[in-house]
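Presented below are the structures under discussion, each in the form of structure tokens.
Common to both upcoming complexes is chain A, partnered first by chain B, then by chain C.
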Partner chain A sequence: MDELLQLKTMLNPCIQCGTCTASCPNEVDMDLVPRKLWRMVLMDRHEAIFDSRTFILCSSCYLCTLRCPRGLPLTAAMARLKAIAAKRDLAKYRKSTRFYKSFMESVRRHGRVREGEFMGLYFLAMKNPLLPLSFASLGIQLMKKNKVAFELPAKPGIGNLDRLFKKVAEIEEAL
Partner chain B sequence: MGEKQGRALVVGAGISGIRSALDLAETGCDVTLIDAAPHMGGVLSKLEYQFPSDGCGMCRLLPMADRDTCLQACLRKGLVHGGIDLMLSTTLKGLEGEAGKYRAILETEPSIIDPKLCTGCNRCSEVCPVTIPDPFNQGLSTTKAVHLPVPHAIPNIYTIDMDHCTLCGECETVCPFGAIYLPGEDRLELKIPRTLVEMDVGAVVLACGIDYYDPLSGVNTFGYKALKDVVSNIELERILSGTGPFNGSLKRPSDGQVPSRMAWIQCVGSRDLEFPACSSVCCMIALKEAVLVRKRSRQTIETVIYYMDMRCFSKEFEAYRRRAENEYGVILKRARPHSVRYDRNTGGLSLYITDDSGIRVDEMFDMVVLSLGQRPGKSVKELAEITGIGLNPLGFFEDPLSGEGDKTGVFAAGSASGLKDIGESVIHSSSASAMALKVIHGARSPHDEEREPLNGFRDVSTQVPDIGVILCQCANGPDIEPQVKSMGASDVHVSGVMAMDRICTREGWDGMLETLAEKTFNRILVLACTPQLFLDKKAAISKAVNLDPAYIDFADLGKGEPLAATVKMGLARIRYADRLNSRASAMVPTVLVVGGGLGGMTAALSVADTGFEAIIVEKESRLGGNLVWLEKDITGNDFGRLLDNTCRRVEKHPGIRVFTNAVVEDSRGGPGNYTTSLKTCDNDSKIIDHGAVILATGGREAETSAYGYGTSDAVMTHREVEQALKAGTMDPVNLNVVVMIQCVDSRNDSREYCSRICCKSSLKHALEMKRLNPELDVYVLYREMMSYGFSETYFKEAREKGVIFIRYSQELQPEVLSGTDGVMVKVHEPILDRTLEIRSDLVVLATGILPSVIKPLAALFDARVDDYSFFKAADSKWRPVDAVNGGVFACGLALGPRDAKESVASARAAAMGALRLISSKSAGVSLVTAGIKPSLCTLCERCIDSCVYGARTLDSDAGKIRIDPVACQGCGSCAAVCTNSASFLNNYLDQQMFEIIDAAI
Partner chain C sequence: MNYTYYPGCSLSGSAMEYDVSTRAVFERLGITLTEIDDWNCCGATAAEAVSSLLGSALGARNLALAESMDPSSDILVPCSACYLNLKKVEMERREDPELAKNLDTILGEEDLAINNPPRVRHLLDVLVNDITADTLLQKTTRPLTGLRVVPYYGCQCLRPYAVFDDPEAPTSMDGLLRACGAEVVEWEMGARCCGASNMSTKPETAKKLVQKILMDARGADAIATVCPMCQLNLEGFQKAISRDAGTDLSISVLYLPQLIGLALGLDQGEVKLDKNLALMPGFMEKLLGFDIVIPH
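Presenting the complex of A and B:
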């Protein structure tokens, strides 16, 4: 709850003007438009917040942050919600949070993403044997064009970003 | 410099400066009025329409007593008053000394065109090869490098924009009067020395106004200047003006087409991060502009205002908003557009907004108007350094609550201490002049005696007119002498026509006086250009020829005036010129103040501090009014101390008499001379004579039965909370949830007006409770947060502290259900579109302000109350504290809801109004005053009904209509309604007017 309280303090000056919603490119797909989401945060409606897919649809374009008349860090607030969802490993967001995690894991190991490895990590994380099948047709197309190579997850090699990730983890811990 | 100075310096000649200068000049001070611009009028010279009348009314600022000391003409053109020296293109550069004994250093820009020689003939502009964007029209039209800064100004003197001038010298050669001196031979030497003047002044009033936010200084997401059809609200005012870029027809700047949809975007540069304050006036400006556009277009142009809170917080504003919406069909949408985009396909402008439902909509418009917020005036900082007056964190002049005890003689007036509408500016300026007068009174100007008018002139009233005509001739002007001479010869009353060489020059003027002194004309007509400026010179002529100025007149030979008509009209007018021999009785130098609250006491102190007498009548047993139960205001001013200080000063002041437990019983008389009887506690009657009356009867928190008030202890009003917090009977630490409900019984059909201070009270209490108990949940249920001006910062602070603001609508009001453990408040939350249930320990109701019953009292003094039972001001903008008849004033809550600071300002303004009246010398009657011929009068009393100033009464003993020459303002209504021509207006007689009309055609 502490993180949500922090978020609330951060958003307290919100005047509910709706500039964020009017600016958001993904607003049409959101079940709670950003303005409502912030209102929920201010009103401590935690179930409602983590029942919506709003923050997970945020593509971090920063338009709302740029335009907010109160200068609130709204994109950062979205990221915080994402982080909370990942930390709590909420079922509703697993698809997204584990996707992010697998992506970053591959980046950590090699300093860049290895598509094959990333896919493998993601499928493993989702623990669903049927999942790969749903990506089959896209996967075959990509492989035909040599965009994706089959690669098994490998140990961190040259160019790994261990130190960087460690440092970031330390900073986040300190927050 | 040892002597106390009777001269005041007013910096800035906009509305506020004009008001202050007139205030001080009318009370007998000498005033120097300076402005940095080459014209007077400030921003108002560009604005033609003001709500609520949607017209102008600036002339209502003109003096009502001693009217002849001031040119009775449109103030947007110019101000000519015998006691005011106007210095244009002049700034204050230094100020030394102390209150009452300052030495001011004034710097005047070098004038390339000599204002004494320029006649405004326009020849220079005709030949000027340089075209520039016209600053008067905000660059929407073009003008020449040498141009008139304001087309309607008197005097009409050209200026050269030296940034654009190519120094070609064409204008210099063509000027028939040699008025233009372009700099140096080598034409590179542009540095003409500026003139510095040192002046001894007693007090300084700073009325330097404000600037507006420049959209180009930020990210400019609205595309100002990049998109031609995005204009600022001042630009729109210019477009709507008859002297504007399209001669008053509404067109969009890009292609000159009439727009079909227009949008206003509010809060541009206000209530944002950089400037966390509200600009107070933009909501009303946008409403007014939208109404004007709807009226002009016969409701064919759709007008939409996008707003955050529609702040119609003054007494009549809410009614205006309702009219705008219901009668004129102005559409108000609560939304905040973030950018304006150009639509290639239609050439229109699109706005993305999201409404309450949360759905994003894309709206198309032809024209977008930005309501630009305020910024401190560019000279504010420099003036603060020069004068030592403090600045608030946003860079405006500080506006202390009482200002008593300060040793300064420098006072801020009008918008320089925060943007105000015209009415508030006028109040605030008069308040500043009252404080300035306190400093300089007693050291009246040495010219005082000169102004003692009208004794010992030769009596010519019974003589046959013997008119002398003076014709002012320029060497280079057309030779009209033979024509005028032949006209003079054909009029039997004219006994001489004398041509003079340029009486606007010193030699010419002296020559004229010498010539006149030798003659014995009993009427003198002077033909010259811009004779309006000769107002103060009339006195000089009158002295030279020992003739009452009533028999001296001017006719305008300015450009475009047909000569024959001008001369003949002038002759017809002067032939009948006369002065009524009725005399006004002397003003009683006492002011009666009814009500001893903060307003009443402040007004009495302001009157008494300038050497007049004040009498306070208070119906309660002690002074103080509402201040007794208030603890402090939102900014933390301690009301207890204020009350003690003010009461002590009132009690100790030798010029103030106080009657407690007393009421006004009856009154007779008119402005300048009232006789009033008071009923005191022991049923005694007391008769007092006074010249003016100030109603400071106050108001109270409205009673209510809404939201279960009275059925549960947990439902309280703000007054009760204030008292409980002050007495310590309420401790917020024991509370968990507090709900405050705004606009209780207010802003609805039964009570239309906004009470203006409740939002601030709620913010004050919410912040105070949060301070004492940070864990407390505070919900404020509001319809529109009226945290105008700098109180916006407290709105922001309350949000930051975690106060939750929930908006409700008039249709979906909150419900309060009392239960065993606290109260349940149900409210519909529009953003979430859900009904919330808040279990709270305390519900605080903002019930608004009701005035004390003043209708019978006002009626005694021939003043009226408005629809809401507050005092009805003669004009909410230009005469905001006075009744129509000019002898009755009101301040504080009697005038309308206002906070303590605003009450103090209105009290000083009311005192200033009373001082203007009672310090008038008024030995003679103004030239244009109504009279009556009793022999023709049938006593039908129509004239009495028609007189708005209450100047006419029926003297039933004598069987005559009496006219109070002080109250009469020469409007002529009585003469118009009189069926027998018994009522007449002096100097506008029937026969005189017929002859003038004959001469004109």
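Presenting the complex of A and C:
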């Protein structure tokens, strides 16, 4: 709950003007508009927050952050909510959070993301035999152009960032 | 002139033509790019969605490496997502001593440190402000006359840090494209979002955004981009989106340095046109008119 408390403090100056909502390109598909989501954070309505698809739809365009009259870091706030959902592994958000986690796993192993490995890890994490199909069209286009190759996940090797990841986790735990 | 160069992961894979054309343009201009040794992934939009400290740490490691190479040479970054992640660390560690301290601890594990890191610059910023449109005009040997281009900026090179352009109504590409001899077509979508990684995780939402962009680009010969994620979202889904829209929205999509390279006299192989996913017959014909051999 600590993280949500931090977020509440961060959003405290919100005056509920709705500029964030009016700026958001993904607002049409959100169930709670951004202004209402911030209201839920300020009122400690945690079930409402994690019942909503709003934050997972944020595509980090930074328009709300740019325009908010109170200068609030709203894109970062959306990312914080994604990170909480990822940490709790909430079923509703897995399609996105496991995508991010698989990406970061490939980065931890090699220092750089291997696009083929990352997608492989993602498909494994999702255990959905139909999921690869939705990526097939782009995947085939990229493979035809010799831009990505399917790679089996590889053990951490040269350039791996184990130490950096570990230290980050240590500091976060102490916070 | 010399820049420290951060290619990032996309430019080593699915956006290799962005990397190759950027290097080729700078070579043609007589400017040295020195790649950061042992650079690591910037975290894209994934790191912050897992842990904000992890995102900062990944960026910080690259700043520290760049500083150890040459503290006085700016870091040139072509990918907008990489650019923002590195820029964010540059800005935030100055304002947040607590963060700076944590980053020092993390970097200390590898005996790295940040003291006075080099400035992080987007490729477009460097092209506009250091190279300048005037120089490009002088060096253009193959003007792309009659090529109608819409400049697409996307989000993260413009926002939240308004460093080199208006964050909502950008114009920095106009002069560069005109210097190449191309015609800049007015449109509304230059600074709108392409959906970024939503194209993978929430495709129905992202496709709506791309559809609007492609609709507004109709009538132009090509869209010019400055970000691998934007490029891929605009070029890779045109068939499906045209189907949804009930109208043909296919259009050529190129990285800005590919167009600049052609104008500077580079051939199609040197800017890797064979790697683009969307190059239309009408566009190819115009290239033939400029004596550019068409890839197959």
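Methods note: the second predicted complex is superposed on the first by the 162 of 175 C-alpha atoms of A that agree within 3 Å, B and C clash if a C-alpha of one lies under 4 Å from a C-alpha of the other, contacts with A are read in each partner's own complex, and residues count from 1 in each chain.
By definition in this document, a residue touches a chain if its C-beta (ideal position, glycine included) is under 8 Å from a C-beta of that chain, and two chains touch if they have at least 3 such contacts.
Note that this is a predicted model, so its numbers are computed, not measured.
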item	value
Combined model on chain A where chain B meets chain C, clash or fit	fit
Dominant toucher of chain A (residue count), chain B or chain C	C
Partner chain(s) touched by A:F99 [first = chain B, second = chain C, both, neither]	second
First, second, both or neither for A:L164, with chain B first and chain C second	second
Touched partner set for A:L42, first chain B, second chain C, both or neither	first
Computed vertex angle (chain A) for partners chain B and chain C, CA, steps of 10°	80
First (chain B), second (chain C), both or neither touched by A:V33	first
Which superposed partner A:P69 touches (first chain B, second chain C, both, neither)	first
Chain B versus chain C as contact partner of A:Q16, first or second or both or neither	first
Minimum Cα separation, chain C to chain B, after superposition on A (Å)	8
Chain C-contacting residues of chain A that also contact chain B	28
Footprint of chain B on chain A - complex, ascending	8-9, 12-19, 21-24, 27-28, 33, 35-36, 39-40, 42-43, 67, 69-71
Interfacial residue positions of chain C with respect to chain A in the complex	9, 12-14, 16, 38-41, 43-54, 57-58, 61, 102, 105-106, 109-110, 155-156, 159-160, 162, 167-168, 192-193, 195-198, 200-206, 208-209, 232, 236-237, 239-240, 274-275, 277
Residues on chain B engaged by chain A in the complex (per definition of touch)	221, 267, 271-273, 308, 335-339, 352-355, 358, 360, 796, 799-802, 804, 829, 831-832, 836
Sites on chain A touched by chain C in the complex	25-26, 28-29, 56-57, 59-63, 65-66, 75-76, 79-80, 82-83, 86, 95-97, 99-101, 103-104, 107, 111-115, 134-135, 137-138, 141-142, 145, 147-148, 159, 161, 163-165, 167-168, 171-172
